[in-house]
Amino acid sequence: MIDSRSKSIVIWAFVATALVMLSAPTIVVLGASFTAGNIITFPPDGLSLKWYGAIAQASDLRQAFLRSLIVATICTVIAIPAGTLAGIALAKYRVRFARSIQIYLLLPFTIPLIGSGIGMMLVFGQMNVLGKLWPVGIACCVINLPFMIWAVTASASNLSPDLELAAANCGAPPLQRFLYITLPAVLPGVITGSLLMFILALNEFLVSLLLVDARSVTLPVQIYNSIRSIITPDLAAISVVFIACAGLAIALLDRLVGLDIFLKSK
Amino acid sequence: MRASPAAYPLTWRVMDVLERLAAMVWPSSFQRGLPYLMLAPALVLVGLLVLGLFQIGDASLRTLDTTTFLMSESYTLANYQRVLSESFFATVAGRSLIGSVIVTVVTLLFAFPYAYLMVRTPSSALRKFLLVALFLPFFIGQVVRAYGWLIILGNQGMVNEALGLVGVSPMRLLYNYPAVLFGLVQYMLPFAVLMLAPALTAIPTELESAAASLGAGWVRTFRHIVLPLSRPGLVGAGLVVVTLSLTDFAIPAILGGGTQDFIANAIYDQFFRTSDQGLGATLSLMLVAVGSILVGVVFMLFGAGTLAMGGERK
Amino acid sequence: MGVVAAGLRPAGMTGQIAVSVKDVSMVFGNVHAVKNAFFDLPKGKFLTILGPSGSGKTTLLRMIAGFDRPTSGEIFINGQPVSAVPPHRRAIGMVFQKLALFPHMTAAENVAFPLKMRRHDARTIPEKVERYLDLVRLGGYGGRRINELSGGQQQRVAIARALVFEPDLLLLDEPLAALDRKLREEMQLEFRRIQKELGVTTINVTHDQREALVVSDEIIVMSGGEIQQKARPVDAYRAPSNAFVANFIGVTNFIEGEVVDLTSAGVVFEANGLRFSGVVTDAALAAGAPCAAAVRAEQIRIAPKDGSLGDLEAVVDGKVVDCIFEGERLVYEIRVPGLAGVLMRVFDHDPESHLQFGPGEDVRLGWNARDMNVFQK
Amino acid sequence: QEPEKPAEIIVRAWGGSWVDALKAGVSDSFTKMTGIAVRHDLTEDNEIQPKVWAAVAQKRVPPIHINWDTTTNATKSALRGVTEDLSDLSNIKNTTDLAKPVGLDGYPIVNTYGYVYVLAYRPSAFPDGAPKSWKDLLDPKLKGRIALYNDGIGFHFPAQVAGGGKLEDIPGNMQPAWDFISKIKEQQPLLGEDPDFTTWFQKGEIDAACTISTNAREAKKNGIEIAWVVPEEGAKFDTDGLWIPKGLPENELYWAKQYINHALTKEAQQIWLDGLGLPGVVPGLTPPADLAGDPSYPTKEEDFKHLIRISSKVQVENESQWFAKFKEIMQG
Amino acid sequence: MGVVAAGLRPAGMTGQIAVSVKDVSMVFGNVHAVKNAFFDLPKGKFLTILGPSGSGKTTLLRMIAGFDRPTSGEIFINGQPVSAVPPHRRAIGMVFQKLALFPHMTAAENVAFPLKMRRHDARTIPEKVERYLDLVRLGGYGGRRINELSGGQQQRVAIARALVFEPDLLLLDEPLAALDRKLREEMQLEFRRIQKELGVTTINVTHDQREALVVSDEIIVMSGGEIQQKARPVDAYRAPSNAFVANFIGVTNFIEGEVVDLTSAGVVFEANGLRFSGVVTDAALAAGAPCAAAVRAEQIRIAPKDGSLGDLEAVVDGKVVDCIFEGERLVYEIRVPGLAGVLMRVFDHDPESHLQFGPGEDVRLGWNARDMNVFQK
């Protein structure tokens, strides 16, 4: 399609602005992490890997990162079945009170995180499970669940009901029908959703703050707590390590399923 | 007699057992209940929040006694009265509401062309680049990101320095209302783009060609064709952006320079600074109410958008 | 219209009954999608349900497949009520209108799926899959993903998948509608071949009359949810039971008139002052009633004005309005003033005489009384 | 005999130089002495409070053994009854008056040192010499270049004086303070927390701030151009303390108390408070060299004359309102 | 294959040239979707581009519409290069393969859209919309939403929308492919009627040979991105320029052999020891070369074994393999052992003789030498 020049200009103007908006802090932080100086500056004040050395030494950071990974994994592992089932149910079936259920399922977004955090602190407190990591994982799952549900509905609504009937016709009983046909068909949505859930859980701070104790701090909480007087470039270095992990994960995802799935509702 | 494993693989045996279990747990005569069974885990998970809301609801009906720092034994509506009467809360609520609406509009304004280009570009390299650019900011914590902004937009930051070169004296670009809105837009942009993309993908390119052949320039094609047809995406993305920015805490705290509190910041203060859980609970509940009503109104006016793409239902 | 389908059932069928549809109706809200459908299908036969869009074909097929339960009536497969068995326990192969191939599997995986689900001996599966892919002429394509196959190839995968587990019954819902003409006509012959080869009882749904005629042992013509006729293709074409069927199958010209005389041997009717005689297949026709007489475009002979048409019983004069070249034949559109200006379509198949008459020319048309079917109007 | 030793005890502390000082002065030597490891929980004091309160209310074991807290916050917890009594600690008898919480029976908390909310400033922004009065913050050239704590803590009382009011009127009539704060609001101050101030000084965003001398001193150590004064109206003096939440197992309570007792030894105080640059509650500590004679390190009676001390009871009972009022002005 | 399209242009065309395609090619990556297309279309004519799936039809049409720019070559509309004007400024009406109706508008709003966009006098719009909805026989349907219309009705809305602003040029991309046979054949005639009524220059793309023959003034046959032939329908059918065209249009039987003698009057070739003569339209045919001779199913006469076939020049014996009832005609599939077992398809149009021969029966086939087109192989 031949696009008019003015259309390209306008669209690119918006996109370029958006790109700058999105990436500027990342680039600055990335550059600053290699500074040889003691403060985060850009362009960096000399080049060195000393802050990477510093974080490599910090075992508490490593442990916190590990815990964050665990929390994010728990969150994702719970979100996948819960969100997938709910998304498919909402997209494929006529559900009574669907609108109310949707408002209910959006509660995680309409309740401020502090409210969610306090609420869950009290609930988990009552259950006497605070201090463990799995409640944090569940909490991260709950507060971001709408993303998972949304991603799955977006895929599932384009799923033809004939596909399941065809599977039944092929002799597949209900469970295998679901596992072998329905699930693979909504897989792009499930992957998109899981990735978002994982990332968001990895970064979750406010709610985790209320649910962890000193023995179970996660990385974002650890970072927040450690900057009580002065912010040093080790934080930039941590961010870069994070970005590198993310980049790796994204590259892996691209290899496995192709990034284009995010753009398809089918 | 049992067939050999080659004839009857292990996975089949496992599946047969699972299938029998599933049939026991949920006999096919319960078919009608199936969607509700499928919704159950999500409903239960969100139910944790609802349990929390009950606790918060209870607290909202009690006042703080500053001689003992305990909550009153008896129930009262005093907190609600305070919230509704003190102008401070009205200021903060107004700022959050207006802010979240502005943020939603601006975010969608930028997310739309971004998603459009990402979906429509024939170059898969560009598409991947745009997608990666969307995800990476997630990985820089709020605090560090704010520091990044300080380096760029601070009084002695890169932008002001650049402006200095053309003789403009440094100006305050951070720690005000626009900075908060800007931060929220930046934070929300990836979510909005990701939610818009499937909706835009669903619009056939041919409709745009058709509009062009019928005499519509691209602007009018956007206005009359693409925009109306991407409504499910816009509604879905809009709902997410408006609710998340309305209830956000971190960005007003970090980029507002302390003077641009949103409701969530006021709630934080009550819970954490003045130990007045009653008042904090009241504010939380009212925010939930406002948010849910907003969502309900949007659902009524525009449908549920991509949050539950209508599709062909069975 | 409104022939009682039950009355059409061939009496004293010998073969075993595979499908028995007993007075089945389906109502959606206020839409009566299927009304009192009643027929039996013997084992090994190929039945086509033919009808225009919205006539209830898919609804009927889905009930036979057991996907939807009839509002009233009952369907039996091999003597067992369909509803007694959950869909996945039935030995029914189905090809869906939109194919419903599993997009995340290869062609071979699609074909293997029913075998795995039905727990055929795992060691024999690859060999069976290959055999059926060969059968639909897709040997060597097994490894392709569905979206790497052309429309016609996808079609054939769907057929292989429906056949591979050797179902008792094969259901086809307009499986060829999406293909282009050339490919569609090839696939119709393919269907015929495969069905004969395997001998599987088949019900096919289509709105393509040619397909119905070419592939079927029996045709059911539906309209508005009702079965209009059930007959062998030749019979449905030669002896349509009412005007709808006559019009829907073939290119048909209608002359409207009033019945003058009705005997067992035939009918005489008057149209615009002219008298014609014809034959009756419509049980509802009555003396003195308005009628519509149908004559096929290929049954009409065309001759020059005042020319001779031999021993043809009905002869009218007309003027050529248009002549449409269709390659293997020419279609004349001829206005007949003697019949209140009715427009008649006539085929000219003879390549020798092609383009003999041009628009505006006066011509003479004639046909045999036995080629004219007279129906109640 | 001594109860069984836990593997570790958790002490909530402020991060950065604060926790470094505590570790060096108290925790490390405690571990050396008892073999019990000390884990520092760096949750903010404000944020740990509801967690501890909820734990006690739900009769759970609290998430920390010892809370290092502002006296005001600690007093709230004490009033609520969630703190253990520390009166039986042997080292309390060696402490000055400062250690004793005001308006509370016994020692539900014990204060460990005092600190001052000074006026920190960037010398280059004050070419005519250090600011003398809080009113100097009203200088038009400082518009947009000053910072306060986001609840105004540390600033309410000097503002009362700078606004022409009397300290005795606190809490009855604080209108002068609010009037002065409203004027400051016109100066478009930034509001933040400890790390913000450091960052802002570092990045040239502000020229003056009301902050704790410790933060200013830490910033200076990191090479940031900064100095501080106690202006003529005075500066708020307050204390921090240590306390133990209720609900710990007996043996852990015992060892938590031992930790606090250890923190009250002269040796521990000397190192800890050298790190913080603050005056302790044990007599005979030597001020760090860089702070000798510094007004933010009061040692003698007359040093305290420049400092504003308001009883923590008054503070505790009214702080919520003060914070609310401050917010109302600043968020307007 | 590979006729130079330029050579096919009718010399000395009188009418004004509406569309001129000058040596246009389009390359996508390594796919040569259109190769050196070269033709002119006079004003007011109806041109159909016919070809199998993937032959480059849509690509060519989109370039003419100005949606894509040719890799090389240039297209002129009314003498102006297409690329000089952005798509929305052109007076081209287009009906898309998937219709591309605006689903959020009613039928009337869809039709009104081009008028609004082109700033026609707002007061005249409702009246024009109504007129064009009437033209496509949709009067009274204007208020319906698109999804409340049947496939055939949607089709007609798309046509009204493309015509309502009275474009200089109408482009149609397989607009009938999705319709069922009966409706499709009706719509083909409708197209013809409307185009004649308005006199708009039209380019239609299809893979349905019947449609091409029925509606067009001219046909372009494409294959593999190349124009194979440009001719009037009758000429394309009667005198295909190569084997591809002969096979793609009509039901054609091929006999493979070797050219024995090639004169301007005709060609003689040998197949399996038998000699046949035929006519030549393929310029590439050479003496001594392998050839393929095509004879249409309807040109072949069938007679009983040892029967007489009058004066037909070519006669072979065969055995009936299958006879397929298609209603108005019968198709015999006949195996001819004398021609290495080639399977020939023969139409029997005469209802009198229908079903005269059954499978297994020996028959005799014959045809005229002038009905046999011989092509290079």
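First chain written, first letter: the chains are A, B, C, D and E, and each begins at residue 1.
In this text, contacts are C-beta pairs under 8 Å (C-beta built on N, C-alpha and C of every residue); 3 or more make two chains touch, one makes a residue touch a chain.
Because the structure is predicted, anything quoted here is derived from the model rather than measured.
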Mutual neighbours - chains that touch chain A and chain E alike: B, C
Graph distance between chain B and chain E, where chains that touch are linked: 1
Busiest interface, counted in C-beta pairs: A-B
Most remote chain, CA-based centroid, reference being chain C: D
Separation of chain A from chain C, taking each centre as the mean of its C-alpha atoms, in whole Å: 55
Distance from the mean Cα position of chain D to that of chain B, given in whole angstrom: 37
Averaged-CA centre spacing for the pair chain E and chain D, given as whole angstrom: 90
Residue numbers of chain D (touch at least two other chains): 44, 47, 50, 199
Interface hub residues of chain A, defined as touching at least two other chains: 1, 4, 118, 122, 173-174, 176, 227, 231
Numbers and ranges of chain C residues touching at least 2 other chains: 86
Touch list for chain B against partner chain C, complex: 3, 6-9, 12, 28
Chain A contact footprint on chain B (complex, rising order): 15, 18-19, 22-23, 28, 34-36, 38-43, 45-46, 48-53, 55-56, 109-114, 116-119, 124, 127-128, 130-145, 147-149, 151-152, 158, 182, 185-186, 189-191, 194-195, 197-199, 201-202, 205, 208-209, 217-219, 236, 239-240, 243-244, 246-247, 249-250, 263-264, 267-268, 271, 277, 280-281, 284, 287-288, 291-292, 294-296, 299, 304, 306-314
Touching residues (chain side chain D, partner chain A) in the complex: 10, 12, 14-19, 39-44, 47, 50-51, 54-55, 58, 60, 63-64, 194-195, 198-199, 202, 215, 218-219, 222-223
Chain C residues touching chain E - in the complex, by the definition given at the top: 52-54, 150-151, 177, 180-182, 189, 207-210, 213-214, 233-234, 237, 248-251, 296-299, 324-329, 347, 349, 351, 355, 371
Touching residues (chain side chain C, partner chain A) in the complex: 65, 67, 86-90, 92-94, 96-98, 100-104, 113-114, 117-118, 161-162, 165
